[in-house]
Amino acid sequence: MSNEIKEWLKKVEAGELRAEEAYEQIKGYEDIDGFAKIDVQRVKRKGFPEVIYGEGKTAEQIQAIFSRLMTHHETVLATRISKEKAEQLVPQLVHVTYDECSRTLLYDERKSFRSYGKVGVLCAGTSDLPVAEEAAITAQAMGLEIARFYDIGVAGIHRLFDQLEQIRTCDVLIVVAGMEGALVSVVGGLVQQPILAVPTSIGYGASFHGVAALLTMLNSCASGVSVVNIDNGFGAAYQAALISRIKKE
Amino acid sequence: MSNEIKEWLKKVEAGELRAEEAYEQIKGYEDIDGFAKIDVQRVKRKGFPEVIYGEGKTAEQIQAIFSRLMTHHETVLATRISKEKAEQLVPQLVHVTYDECSRTLLYDERKSFRSYGKVGVLCAGTSDLPVAEEAAITAQAMGLEIARFYDIGVAGIHRLFDQLEQIRTCDVLIVVAGMEGALVSVVGGLVQQPILAVPTSIGYGASFHGVAALLTMLNSCASGVSVVNIDNGFGAAYQAALISRIKKE
Amino acid sequence: MSNEIKEWLKKVEAGELRAEEAYEQIKGYEDIDGFAKIDVQRVKRKGFPEVIYGEGKTAEQIQAIFSRLMTHHETVLATRISKEKAEQLVPQLVHVTYDECSRTLLYDERKSFRSYGKVGVLCAGTSDLPVAEEAAITAQAMGLEIARFYDIGVAGIHRLFDQLEQIRTCDVLIVVAGMEGALVSVVGGLVQQPILAVPTSIGYGASFHGVAALLTMLNSCASGVSVVNIDNGFGAAYQAALISRIKKE
Amino acid sequence: MSNEIKEWLKKVEAGELRAEEAYEQIKGYEDIDGFAKIDVQRVKRKGFPEVIYGEGKTAEQIQAIFSRLMTHHETVLATRISKEKAEQLVPQLVHVTYDECSRTLLYDERKSFRSYGKVGVLCAGTSDLPVAEEAAITAQAMGLEIARFYDIGVAGIHRLFDQLEQIRTCDVLIVVAGMEGALVSVVGGLVQQPILAVPTSIGYGASFHGVAALLTMLNSCASGVSVVNIDNGFGAAYQAALISRIKKE
Amino acid sequence: MSNEIKEWLKKVEAGELRAEEAYEQIKGYEDIDGFAKIDVQRVKRKGFPEVIYGEGKTAEQIQAIFSRLMTHHETVLATRISKEKAEQLVPQLVHVTYDECSRTLLYDERKSFRSYGKVGVLCAGTSDLPVAEEAAITAQAMGLEIARFYDIGVAGIHRLFDQLEQIRTCDVLIVVAGMEGALVSVVGGLVQQPILAVPTSIGYGASFHGVAALLTMLNSCASGVSVVNIDNGFGAAYQAALISRIKKE
Amino acid sequence: MSNEIKEWLKKVEAGELRAEEAYEQIKGYEDIDGFAKIDVQRVKRKGFPEVIYGEGKTAEQIQAIFSRLMTHHETVLATRISKEKAEQLVPQLVHVTYDECSRTLLYDERKSFRSYGKVGVLCAGTSDLPVAEEAAITAQAMGLEIARFYDIGVAGIHRLFDQLEQIRTCDVLIVVAGMEGALVSVVGGLVQQPILAVPTSIGYGASFHGVAALLTMLNSCASGVSVVNIDNGFGAAYQAALISRIKKE
Amino acid sequence: MSNEIKEWLKKVEAGELRAEEAYEQIKGYEDIDGFAKIDVQRVKRKGFPEVIYGEGKTAEQIQAIFSRLMTHHETVLATRISKEKAEQLVPQLVHVTYDECSRTLLYDERKSFRSYGKVGVLCAGTSDLPVAEEAAITAQAMGLEIARFYDIGVAGIHRLFDQLEQIRTCDVLIVVAGMEGALVSVVGGLVQQPILAVPTSIGYGASFHGVAALLTMLNSCASGVSVVNIDNGFGAAYQAALISRIKKE
Amino acid sequence: MSNEIKEWLKKVEAGELRAEEAYEQIKGYEDIDGFAKIDVQRVKRKGFPEVIYGEGKTAEQIQAIFSRLMTHHETVLATRISKEKAEQLVPQLVHVTYDECSRTLLYDERKSFRSYGKVGVLCAGTSDLPVAEEAAITAQAMGLEIARFYDIGVAGIHRLFDQLEQIRTCDVLIVVAGMEGALVSVVGGLVQQPILAVPTSIGYGASFHGVAALLTMLNSCASGVSVVNIDNGFGAAYQAALISRIKKE
């Protein structure tokens, strides 16, 4: 921000820009009826447009924000969209796809697909699929190729070993696991890829809705593991995209 | 208890025993100065004599209880004995050995060693040794052969695989691990032996003094795992001894 | 695993097996539509076939996995099956029984029943029955004889004493209790059998959905107690089966 | 308070008291150097004089408060007095006794002892003694006879049964236990006396400094149990005294 | 128990009783279809018959237990009975009353009412009524007179002061409060009656379903307070009854 | 209170008031059918009339309390009123408005609006609106002007900077945020206004229903921040009103 | 910030300032050896200079920061300074005062004292003094008059009532309490002043180092209470100063 | 692993290797006196040699492991080495450097430094330096260039803005913060670099030894943030190295 301010100051000094005009360029957001402020500059700052978090918003609010974003970007993503809201939204928003498993709503009008890299999405059990798919769909929307390795938990560890060769062809790994989440440590001991660990709320009793898996991952004895919030497939994919982009720059 | 009472009632009925005598036999403990009641019947009920838990007791109290037990049994064990207390106790109690690593005090005058079975003691890292050794020394005192497999955590999983053949020769396994405790799930996926999992307080930050490892083990996706308290090497060994004894009966 | 690898290497060296063939034998799982990998070797590693955990899986996924397992094994078990899913599944899977209390789905075509031992299932109160029955049905599926001792909580401790004689005839005990879970410590003080303690989520307020009972059991002053996850009747039964099998080997 | 105010108002109305005088009588405390306000009316409201909680106070502050109370009452008690502070205080305060085990400081110049009732103090293990003794000494200072039943935990339950007859002669019971605290439920199932349960911080790992025992006691399946704070022997004794006094009124 | 055993032994010795007969008298419970064991001796041990805890039991199970208890006692109480279950049960069990606010089911055929004492039931706010009423109805069933002091929380403390005179006429007080539960400390500072504190789950956010109130009560700076589980109006009333009975004995 | 008592005493002494009359004036509440005590003096003590907390009360109870308060005050507010209860209440209580977003019920018959000051209500995201609006409507009912700054979370921090000038014209700020609640620290670093921080339960996984935001706010490295309960928009507004009133006095 | 940027832009546009000069003025901090950046503009933004938090800093670091601040401001405050560090620092920093009870280090060279208002500091018990004094000394350094009301906890509530008249003369109240912290609710029910509640870590067992008091205060049924971190006397005083300043503006 | 096994099998098949030789190559670790197993293949699997975690190991154990690693690698790192242990170790291990602030022990005999990328290490306050330096020294040992941005917490947010230009020149960012940890969200909203967030245990009261900062970071509303354990500077640096290496490949 500091050097942008410097540049604006210099342009004003040089008479290239009026003070008011310079200021308008910093502002960079659009207000929707007082309840939301669309951050249209985010794509400049983060490399990707704003993503809509659907929980706690009404279908009306989501629709207003989503359609506004569609006027600015060729890809728009909303996560945590319940089936009920999707049924309201899909007819209203043209060219939009709803995926029930991952609860995502995607508008994707990219002409060509430029790949930033390949992310491997691993999950421990079939029950972890919704979170793994949220990660996969987000990553794809953000320009990554996806390789899926599902149901390879450590209770049958040979299923993992059999896929190691494939797993090692990826740039980054997203490892999704609930219950005790031990898959992360085992994979972490075997590969050189940075691992983004996603604990899920799958389990019961002393899994405490994902806390057990979260703690496992934070305390992993294997190195090269960093962690996102419970069930946050989206966040892992976003981080994977930022990481992959380094490579391409 | 019920059938013992029946038997006593019958003996009294048969005139073989007087009521007062029968009662004295049920009582089954010795009082030490009001502060402790030695459970001399425990060996009958549990198969092993009472073990002294050293924490929160003064050296004087431990000495009194220990020496009283020595008059009844050929093996007496005390756990959680600090080095300071041991320095006071060892000169007072003849034929007693103190092990600093496991903080145990052992009196062992068994003429011959009858093995109830073989227990494998596995630990993830060198820092887990004190707990692993508490388990090993307890198990030995209770009549088990010990096989040690130390520093085989999942960050270098081939160290475990290399020992699997040996591990599978044991009757029961005690798996000791701190941090995220993932070793338990990996071993649990590979062997048929019942696993007694011991979380340790090794770790920092979100390990919460062993809670992370405890939750991992309680939520293990591998079957055949049951868990004891954090740092409770003693408890795992005791359970291993009870399990092994089934086999020999 | 290590000695298996050695053996494969040796067979290949000896020309008995081609490299590719050896490799195929290690793999040992079947993939179902990408969402699940059936671990067909588990029966070799653990002595029992894979068991399906029903929560978080759709009825369609359960059916696909269940019927695949039926082609490999004469006993197939699924736990945590809601009544709704059962109503969908039972008509599809022939020779399958659903038990509403324990929420288990069982396929059992064993010709003869070879008993590995006898497990006593104890529970504190009538409200703990669903967990106790999950344990009982699992244990039976795994080849154990069952003795049930229900509603013998410590508020009326003579109900326990009256059954002690019977309880002592078992090889292993599963003790199921909610609220404060004190039954475990009392039984643990009286018997020589290894105890697998199962806290239940029965209770309210400061029971914290089973945490109070879990902590009680982990801190039991009685020895010979190890613990499984809250409401995990299945896990206790599995461990009981592994323990009992030692005896028979 | 309301009827006292009414009475003061009436006395003033009747001209028996001046408004200022009436007000002085309500105030009812003495200020010590701004840092403490001695509640000299507490004996009237609660039946016993104020007791000093020693933790977080300097020896100087304790001495000032203690000696002021000695001018008003024939019994003064301070709890949680470390050995270091006691060494400073005992020489300064004449006729005062320090008990190291319970960490209490007592001034007791009662001419005669009027008993309000008999309290039984039970504890599970020798390590619980300091808390049990804090209860016993407090109860005695408040006019109760004490019967001690120490080291009768449920791991050797016959030690409890042997004392039941004696225990049932008490008016109220204080049950002190650490670790899993199961003693409370067992006693609660067997007696008619109201039980004041005191969890102690004795234990390790998942005892969480007394939380496990606290939860056990709050969730006790036995009725007639109410609970005080962890290690709060004082509070249990105070409540026992209030309960016993009902009987005598 | 011990002296009863002694007496049985003596009677058998004296030939007054046969061994089998003596044993039958100790047993003291009735089995219902394996799922429940009615503790018919509880009235002898605790002074009151067994009370049914309704949660987690089916209406069928409750009916079976309730009607069996009706054959033994003139008062039978069940708590935590949902409106749905009550609608099933009331038509089946004659002479039974259901109270929706307190969720209790009561059978009361006492010819005369012998009062053991008077309990004051105080509650902080109108939202705490269900718990307060569970206490009141239980206390009444157990032979106490009830005085209700509702909605006197400390936000308007004069409402409490106005009732103090009445409150001080009770033998025991039950103080019910949610949110921060400060009412307990204020009352505790003003009266000589033993206080049974009942935290309620009323509140939101950082009240954590009653934990905030529970901690307040356990840490009360006022003396003469002991605590029961969150929302446990029943438990407080039971303890109040035991305490009151001392007085009458 | 003390000086009021003094004054009453003096008036009685002077014969201006009879003792009974003086007492009646202290009492200051009205009883509704035993279940509620309306605190009619609260407006004198706190400057605002009592506000009804709707949760845990039946519609009938709310209606009774609300209409009683309407006879005393020209503004009556009830919070946490569900849509269902509102549908019952609005037809019964004339001149009352229900706001669905904030779940408030307001009766406001003020002839003129005297402003005590201006409060800025900031919120991080659109999902925080219900809590922000509870604050705004409460503040308005209590005589504050409101400036709303919504959806200005730190993920797009320029949205905040753009509004800083406006924000700095307020007297007090209420900052509402869920998830990690970082907005509070950022605003706190930039302004001189006292900040009342309101964590919301918006978020998932390790947000633990608002605990993450609560902890953030309590630990804020910026000064001039104090915190209210999770989702407690009402409480923040009340405090803002008290603070603003100082200025006007 | 936004309007400052506007102004800079305008000044540059007007040729009053060069771009570089304008930029230098925004920067506004001084770097000390890379380890600290003194925020010399804080006094402009917040009204008070930066305060040093002593914990986790070496005496050398504190000295460097403290003396640098002394060159800018006539009042410099450091909190959480241990006695050991103070002994190193006081000789180095002239005109500085160390207060052992509150652990503060103060440099105060104000020529005259301009009062922004009067803050009442209340505390429940003598053990809470260190936190209360941290508040008092901070408040004084920030230009407030202090009225102290110590040891007025609710166990002897008349001590509070006696001081109410005085308390009501303050502009803002800081209420400091440990254990169950009920004092806050009682004061909150009686006064119109905004209350800043400070939980302290005084207590034991289930006080959980101040968590019990923190929860009490967050859930207070009295309105007009906002809360700061446990033991954060400094933070409460800072907020009190910001609030008081509103009045004077 | 799977393809390595395939290759070994093929080599054996081809007669290039004997079965025993192939097996020896898989083993890949060295045993030290039974207490440790040096993972000499880690550099092959992870790209970096094993790093020693010093806590819970004796100086003797560390020395043995450290010197063995020195025979294999030109860089050896040990973390969490206390000053006491360092004083024992440094004289024994030649060419080794101890850094007191970060508590690291480093042996670095690299001939040339090949940079994998540039990591920015940001920290909020001076008290966070030890963790930030652990990260910096680890990153340097793993081949990264370091840019330090210290003491730029959000209480003085312009300190951050002034450095943004520099920060944006890095490949990856490590953001270290204690207390409420809001710095992570602010930086995350402004940059495109992947952020590795490290909560520190700096703070008091409701910071719960770093839990508050950990939760803040897990719930960050800014995208592109993943988190490591509390105080785990090492882990963040390791992950940064893996990420940077992608770029160079």
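Things to note:
Letters A, B, C, D, E, F, G and H name the chains as they come in the text, with residue numbers starting at 1 for each one.
The rule we apply is simple: contacts are C-beta pairs under 8 Å (C-beta built on N, C-alpha and C of every residue); 3 or more make two chains touch, one makes a residue touch a chain.
Predicted, not measured: the structure shown is a model, and the values here were computed from it.
Counting only chains that touch, the fewest steps needed to get from chain A to chain E is 2. In terms of the distance between Cα centroids, chain F is separated most widely from B. Residue-numbered contact pairs of D-E overlap by over half with those of A-H, the repeat interface among C-H, A-B or A-H.
The distance from the centre of chain B to the centre of chain G, each centre being the mean of the chain's C-alpha atoms, comes to 53 Å.
For the pair chain E and chain G, the distance between mean C-alpha positions equals 48 Å. For chain H, the set of residues that touch two or more other chains comprises 2, 26, 125, 155-156, 162, 189-190, 205-207, 211, 214, 218-219, 223, 229. Applying the touch definition to all chain combinations yields A-B, A-C, A-F, A-G, A-H, B-C, B-D, B-E, B-H, C-D, C-E, C-H, D-E, D-F, D-G, E-F, E-G, F-G, F-H, G-H. Those residues of chain A whose C-beta lies close enough to touch chain C in the complex are 125-129, 148, 150-152, 155-156, 158-159, 161-162, 178, 202, 204-207. The touching residues of chain A, when paired with chain B in their complex, are 124-125, 153-157, 179-182, 184-186, 188-190, 203, 205-208, 211-213, 215-223. For chain G in complex with chain A, the residues that touch the partner chain are 2, 5-6, 8-10, 12-13, 18-19, 22-23, 26.
Within the complex, the chain E residues that touch chain C are 26-29, 34-37, 39, 41-42, 50, 53, 55-57, 61, 65, 80, 199, 201, 209-211, 214, 229-232. Contacts from chain C toward chain B in the complex involve residues 1-3, 45-48, 51, 117, 161-165, 171-172, 189-194, 196, 214, 218-219, 223-229, 235-236, 238-239, 242-247, 249.
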